[in-house]
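Submitted below is the structure of interest, expressed as structure tokens.
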Amino acid sequence: MAVVTLDQLTKIYDRGHAPAADAVSLEIRHGEFMVLLGPSGCGKTTTLRMIAGLESISSGTLSIDGQVVNTVPAKDRDIAMVFQSYALYPHMSVKNNLAFGLRRRAVPRDEIERRVSSVAATLGLSQLLDRRPHALSGGQRQRVALGRAIVRDPKVFLFDEPLSNLDAALRVSTRGEISALHRRLGATMIYVTHDQVEAMTMGSRICIMNGGKIVQVGEPLEVYRHPANTFVASFLGNPPMNLLRAAVTDDADGRGLRIGAWRIVIPAERMPALSVGTEVIFGIRPEKLSGTPQPGATSIDGEVVQVDPLGAETIFAARIPDVDKPLFARVGPDVPIKVGERRQLGVDLSAAHVFDAQGNALHP
Amino acid sequence: MALATSATGDDGLRRPWGAIVSFLLPALTIYVAFTAYPVLRTLWNSAHKVLPRREIFVGLENYTALARDEIFWRAVRNTITWASISPAAEVLVALLLALALYAKVPGARLFRIAWFTPVLMSYIVVGILWVWIYNFDWGPVNVALRALGLGGLAKAWLGNPSTALASLIFVTTWMWIGFNMVVLLAAIHSLPKEVIEAADLDNCGWGQKLVYVILPLIWPTVLNLLVLSFIGKMKIFDLVWITTKGGPLWSTETVSTYVYKRAFEWSTFDLGYPSTIAAIWFVIVLAIVLTLTFALRQRSKLEY
Amino acid sequence: MTRPLRHSLLLILLAGYTAFAAGPFVWVAIMSLRTTTEIMADHFALPTIIHWDKFPTAWFNSNYNVYFKNSAMIVLSAVVILTIVGAMAAHCLARYRFRMNRVIYFILFSTIIFPPQITIISLFQILVQYGLYDTRVGLIFVYVAIQLPLTIYILESFFARIPADLFDAARIDGYSEWEIFWRVSFPIAIPAIATTVILNFILLWNEFLYAVVLITDDANRTLPLGIQRFMGDQLEDTGMIATGLMIAIIPVIIVYAFFSEKLIQGMTAGAVK
């Protein structure tokens, strides 16, 4: 359990190019499960490797429990890492893979035995202790990689996209195992992924990165409901938030937006103060659009252009007049929708988002 | 997790120079002491008369003498002839055998093992064996010829200046066919099956499949083998030394045997001149290899 | 032509070629068990009496035991040194990035093309100068030097294929660079190392040129040298020469019998493009 503090952490590989990690500042609290989320190349793995000590830090300070560790070698930082490719030693048995790190640290023999057997039991590896990695399935290898980290009892656990190499079903179950592990150990864990589902379900806080910089940090649902910009808004959620160009209007019904031929009045608590005519971006999530509008609620006419019946729900896209992009909506499986029909879409404006023309969230 | 390595060299971690140097030191020390330094010293020798207790600088005198050295040029001709004919023969026969094995003849594995055997043997062993095989009175070659009623063709193969070199070339061909066959077979096996199947679907007969599909695809390997074999024959020494020692009458003299004789057998005691031969030969070999590699690499790129 | 007929014809041709390729060795094996008198009477007959005693005779009376022991000692020492030194260099070149890396690799690798004459004369001078001429130790060093490029070439490509994550994990586990080499790289590369060991063994066991230049004393001779001298001295004693040849061939055959696949792959690796 430890506090990890990143202060303006920067990594430059090539003086000619942009930094891989740019002034990353983040405080990861005791026992927190912090997820670094973002598309490939956003700097999340570089940041993780700097925390681990596998990359040198170009500038900025990294502290663990208040102690600056910039120049401390990886082996002395009391961290353990789970790699995407598991990184198991192929010439050693599972037992030796688990014990390898401990043997180095002058941990007494019987203590090593004890820890290895208890971790193996927890992860269901007791029967596999004498096998070599090539004789294990992907899921088993991942558990050995996990076990290797647990056995070290480190201050901080680091995960580098550990689930990417697993198939879908294994991913779901291993996700649960890692979360259960976190609950049980209460340790500080830093987890890198590009998968928003993993981030939303596992993180106590998520940190979204793009282009080497931190874009937003917060609890998953917070970030989901209040994205700081259009990048975050469209990164979380599947299908992503509908984002449409709009202009500010003000008339008898109140202040609102004109989107193509559609005029809507935004509730005062969601509508930022802007002059009429300002270009903005309007955002609404698909689940906030319904196929059967409530009487009195705002609605819009659209023509259905695409229907994806997924079984548990149906996602459809509708074109509204004078707007080039279709709106995606998410409805229950029993709502009958057909391509080509005209439909009224109900809009829950209490969940409307307004972003400025550069994509930053605006607040009332 | 691939990391870019920049031109300025920072790849992420402070480079562990201590480790790098200690890993490389033994190998580099041996290299410098027993390869690099000797090369330089040979070059230095070539500009001197190197006698047992003193060395006299002679500038380019050795080189001009070399240009007029009949034996040297004879040796060069012999060696290059050898290095041109043997590879062609080895690879050609090897190709035929590889195709035969590829046709899934039963016992392919055993054939492969048997045919590879000559490659493993020392040239000394091979040399003595063939001295016996070529023996005028009782060697299998002449015995067979006489048995077939062709006794008139029986010769002292290694003792006759007009047949000695060809006989030795035959020996190296015999020796290396197995090696080339194994490589070619592996190359043919590594061809994508779909291409061959597509040819089958296009109703290609065996001959057409061979010429239009298989050969072009394994051409880079064929070229590679030719170059490897060429390099090997340019270096040849052991075989000649145990069989003919360069005779009869310089007909099998190679550059390597000539250098050995001038350095260690003739009573001139001058190591400078043989060093000159070695230096020139070094340049010649390097030049030919570089030219070959460059020219062939261009060609094989154009094929595709 | 029907398929079975075509196959039978092919088989006959191939069997013929096999006799051509392996025949000489069978012949020498047979001759090694017959006395010279018997051989001179009929060169191609099978032995009527199998003269096993020729082997001990060659071994003890013709100094083959000395030559064999010299070869064994020199080649084994050279192979051990080659393996360790070569693996260290290959590991370093494959795993660490530094500016001179490719330059050093190229320099080491390019010496494969060098004709031996460019080094042999000055090696003679150098070894004489340092008192290593006509010593087994001197030859060992030279043998290591000549096989180093090939060894590093084979091992470097293997080491380069080990995933980088393994090294990161080992670093986090607290292993020093040397330990990472010895406990992670080296064990994982055992297949490739085995290949280089077998390859180096065969090539050095058969090596002749450097040995003939750098060794003169009969007590230091290697097997190929011994055979050549024997051939020179006792040209007419075909029987004993044959036995001597067999003594030289048998270790190679044994290695080949056990490791044929590895040997074939090792010697032909890199030739397929």
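In this document, chain identifiers A, B and C correspond to the written order of the chains, with residue numbering beginning at 1 in each.
Simple rule for what comes next: a contact is a pair of C-beta atoms (placed from the backbone, for glycine too) under 8 Å apart; a residue touches a chain by one contact, two chains touch by 3 or more.
None of the values given here were measured: they were computed from a predicted structure.
The chain with its Cα centre farthest from the Cα centre of chain C is A.
Two chains share more touching C-beta pairs than any other pair, namely B-C.
Taking the mean of the C-alpha atoms as each chain's centre, chain A and chain C sit 58 Å apart. In this assembly, the C-alpha centroid of chain B lies 17 Å from the C-alpha centroid of chain C. In terms of their C-alpha centroids, the spacing between chain A and chain B amounts to 60 Å.
Multi-chain contact residues of chain B (touching two or more other chains): 1, 5. Listed for chain A are residues 54, 84, each touching two or more other chains. Within chain C, contacts with two or more other chains are made by residues 165.
Residues of chain C that touch chain A in their complex: 163, 165-166, 168-175, 184, 187-188, 190. Taken together, the chain B residues at the contact with chain C in this complex read 1, 5, 9, 11, 15-16, 18-20, 22-24, 26-28, 30-31, 33-35, 37-39, 41-42, 45, 50, 97, 100-101, 103, 105-107, 111-125, 128-130, 132-133, 138, 140, 143, 174, 177-179, 182-183, 186-187, 190, 220-221, 223-225, 228, 231, 234-235, 237-238, 241-242, 255-256, 259-260, 263-264, 271, 274-275, 277-279, 281-282, 285-286, 289. Contact residues of chain C toward chain B in the complex are 7, 10-11, 13-14, 17-18, 20-22, 24-25, 27-28, 43-44, 84-86, 88-89, 91-93, 96-99, 104, 107-108, 111, 113-126, 141-142, 144-146, 148, 152, 164-165, 176-178, 181, 202, 205-209, 212-213, 224, 227-228, 231, 238, 241, 245, 248-249, 252, 256, 260, 263-264, 267-268, 271-273.
Residues 52-54, 73-75, 79-81, 83-87, 89-91, 100-101, 104-105, 148 of chain A are the ones touching chain C in the complex.
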